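One structure, pasted below without further comment.
Per-chain residue numbering starts at 1, and chain names A, B, C, D and E are given in the order in which the chains are listed.
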């Protein structure tokens, strides 16, 4: 079973001072899938991400990654195991160039990060790969631009590239297309698709067009617990999902195009 | 969207930039080195040594503030620990060569740095500053109470001794070149560290800590290492200072000293390598000039006014502003 | 002969910190008055003054003094207040064979374990402070003592000296409390003193610590409940700050008081014209010691340290500052000290009319006898 | 008489009371500091100087114009408050939004200037200020003599503390203040005159410090440096209470007064450092202070 | 306040607006007019300068030149709080929820600048999530909840011109739908709305007119009825 599922949660619960944000969630993410987590605002999606990456400690429950219990690991250790997230609110290193942003991510695999005696030139060999990643999100020309100066949408693209640089086994994306216009969304979809080759993606996304195009499996979260799970078609036809989340089919259909 | 610029061009441009930066840095370093080598011919060596000691202290401090984003308000503790340890050893064990005294003093400060770091590192921002201050106050209390420090009177008459057992440091020039060597060692170390892969991670942590965590960095380990290095170098500054002045006093441990190094660093320019050096030179010199002259009793108000002016008009510090100016007028 | 035809005096004191008022900028005035009175020249050589703020920092002070000695041919270093500064400077003087006259410091160790052949301690030290005040108070019947001590070298020294004097005179120290330096709230200590049942509450501290403690003692009615308050080190400026209302009746020992005799008063008037305030014993001491120094240079025609020091030791001092003064081989200037009592508001005629002299303590009785000295310069026979 | 560790219980009662009184000063000072830090994110290193100014102005007004204590109690804080507003308007405003550390440097510079200038005018020995007649004497309690003035201090301090807490935590104005510190520009975009609000807040914060200074004038020696050593202790109090927590600053102030008071009995040498020990321990256990909101 | 559909009244006139962040010149001469009761969108790619335009109207950018008339008043020299008092409600791109305040305090924070705003009850019934979490700290809300809060709080103030920056971002489709209804309602009440939107499908049916921006300039103005005819032009600008 551990072969089939990369990630599994058992009875995951998170309470905030009496308020239950995540309520007994049993999630199974199949290897190689792009798995979407959707649900109304405040359903607990981001909180689930926070629990998975230990930005918040779970109140109860266990998290299994490749069959191993990672509930007690720290954030950084989880990232090193291959579970990497992007943030809902853009997270970059503002006073580094786009290229340096990505290089910091690549560097964490080099095993030289404690080498305070080495010259910075030793990092130049990573530049090639940085440029590839930047190119994949269309930021080539901004490689030497300081990140603060990038528009919001580009910051998000950069963040995605940085996350990909981590070569994660399981990629957690929190609303990757948020704040992006049509063409950029397209590109991100492509990017995620490309990135998903050979790895597993768990994403939160409100753009149903993206979800329907990309995702193999969808879990709907509402008020902290799992409402239903299945393929896009099943889920989108579920009246409960329509009621709490999707609303009238109209908007959705248009978005899908 | 099309990409008007070619990937390799961009990379090349970046490498060129790096190279020319490097070259400029080398030239600057050489000019400064030359100045420092001939300085004692013109300027009173003990005074120069004082500047170098404080410059080293500020450089050490800036490794934390400028390059890791941690504001320590307790760095006096390390300066004083280096200072007292070396002072005690050299006064009481006459067989000890000077450099051994300094090494042990530095080591003591480093160990103290580890202790501080372990306690403080989990705290952030102003809490970090305050917990380091609190720890430093406790260290201060210890130094006040401990019999070997001479309390308020201080520790006096520390012999300068012989470097490696044969170079007589009573000679001011010999002493000067030794201090210069130590200073350069510290400075170059920090320069290296900042540019190293480790330095990149520090920079990342400074700018966005949660993001660094999510990229798999155990940020506390990096911070601890940076902190300990900074503490060790501050201790080194203290040790050398004791040898130069042949005394150690509570002033080194007082929170004013922790404040002073912040001021030096900010005045010179945080996050620049040369900034703390310039800042230390400026402050030490200014205090000296003012305390000598007819404005003797106006030192504090004048210093105060300079701080105010700096913050209002030259926020990036002396070196920072110069860099800005150069960048603006050359590119 | 006089090196480079100038006699150069470096004045080093706290110009801006805690000890500013007792020496500070006005001390420099006193020094300059002395030079002016001497005529600005000695044996044709001109007299120059340099000054520096010690910032109560031995590092800064020693680099300043080093430069004075090594580069600027300063012949005499005067002033010197904080003991850490004084000890650092005297070590340097010894190394460079310069001469120093310490006027501000209180620590008796300066001419005891820290004595050097290169300095003179001129105005007062902790030994006579304890000796004068404590002895008088014990003899008046204050047998049981509570000592409130500033927790640093000076306080400890004073506490030690007081304890000895009290015990020698048949009294007893029943409790001591050491407070951090500086402290602003003394109510806790005053309460402890009150509940200790001691006859005498002695303050072995200085400056604002002392004035704060005295104010608080007044507020809590310490003296009303029958206890005696003894302040061991009070400068005129402290008493002036307290005012006679709070300070009345306090006994203290001083090396000099501006209104103690005609000569002193005349000089103090001139000083007041210059500065607007009455001089402390330190100010007077600076004037007097500078005069003595210049006289010695004149007499010997030299500014060589040992020659001048010897001449100074050989000349008894009788001037506006001291009667029966002489400099001993350990560098201590021994002169008569005075037990004074702060006047009552009724007695006090103006804001500076603060003391009445109760008793003169002969120098030999006041200061630590050479037989007890730990100074290496004192020949032991 | 029963004893605890060799100290009579009655004496300990007295110490407890004195500790609270002393704590009332800490509470007032840390309150002002917490208001300024919590709301403006300014590390006000001039706070000690403002406290000192409160006391100095009281004395100077009395000496020069014969203005009595009661008037000074209102007037001196107002004068200092206005000074604070000017300071904010001409200096601090220019560094709004910059790193904390700049405000630290700036206010430290200002403190040095104020202290240095006053030292040159008035010296460091202190100025005289006599207790108003009405406070002469005190209550004879079983365990101690409590001067009337100390009782007055604690009463006034608590009154001001409570009033301030109420205003900030419970009123609309308070919520403007709390929000304005996070995103002043947006607040202004909502139609609130944020620059004015900030000036007034800073003025108010230093006014509380000056008020403490007036309270201190009759009992402590009034000198230009009287505030400089208090400063870091008060900072410690604010941190222990939890930066930005108004209630935290008040309660911790009182608590630290008491702890320090007992230390003065059992280990007096340590009394100046005990607060820092408490701080280390508290921050190890509760990272954001006793009453701080968790980050 | 002259009522409703006074479509001739110029609520906002921007002419020759340039804006700068420090050294960088972001807006290059924007001209636009919005009439009372109109809903106008600003469309464009990421980085085109739409948010900057709204901020410039609020005087929240580094430096600006040109002219901005609101309600007939020239506002180039006004401080932001004066601009708000002219009846402008601004909902920023990054929400600007205050962490020091709880949800309800956040909601009641902006002072009422005109009569006719929504009451707290109306708002809570429109956004039940907010009611449920009204005593939690503002920033502890989920991303979407924060967005609702940011929108809701300016509805209370009675502002008659709303500048809304990407309000549907990160919201569940049901809520987006609901927001659409709210905007229609507001429009019917006679409010003037400038909407910066990525989600064209959301904006299209609501808007009277669209301005298309590129590189800090307005490159096209399209009214609702021309939309179909100009669809291809629009697509090319937006890269859909």
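The working rule: contacts are C-beta pairs under 8 Å (C-beta built on N, C-alpha and C of every residue); 3 or more make two chains touch, one makes a residue touch a chain.
Note that the structure is a prediction, hence the values are computed from the model and not measured.
The chains in contact with chain B and with chain E alike are A, D.
Touching chain A and chain C together: B.
Counting hops only between chains that touch, chain A reaches chain D in a minimum of 2. Greatest Cα centroid separation from chain D: this falls to A.
Centroids of chain A and chain E (each the mean of its C-alpha atoms) stand 29 Å apart.
In terms of their C-alpha centroids, the spacing between chain B and chain D amounts to 33 Å.
One finds 44 Å separating the Cα centroids of chain D and chain E.
Note: centroid distance chain A to chain B, computed from Cα atoms, is 41 Å. Multi-chain contact residues of chain D (touching two or more other chains) are listed as 116, 119-120, 269-270, 272-273. For chain B, residues that reach two or more other chains under the stated contact definition are 1, 144, 297-300. Counting partner chains per residue, chain C shows two or more touched chains at residues 16, 20, 151. The list of touching chain pairs reads A-B, A-E, B-C, B-D, C-D, D-E. Taken in their complex, chain D has these residues touching chain B: 37, 43, 91, 94-95, 98, 100-102, 104-106, 108-117, 119-120, 232, 235-236, 239, 243, 269-270, 272-273, 276-277, 279-280, 283-284, 287-289, 295. If you check the complex, the residues on chain D that touch chain C are 8, 10-11, 14-15, 18-19, 21-22, 25, 116, 119-120, 123-128, 130-131, 138, 144-145, 147, 149-150, 219-221, 223, 225-226, 229-230, 261, 264-265, 268-273. Residues of chain A that touch chain B in their complex: 53, 55, 74-77, 79-80, 84-85, 87, 91-96, 99-100, 103-105, 107-108, 110, 112-124, 127-128, 131, 135, 138, 140-141, 143-144, 162, 166, 183.
Partner chain C is touched in their complex by these residues of chain B: 44, 46-47, 50, 144, 150-154, 156-157, 172, 241, 245-247, 249-252, 287-288, 290-292, 296-300. On chain D, the positions that touch chain E within their shared complex are 172, 175-176, 178-179, 181-183, 185-195, 244, 293.
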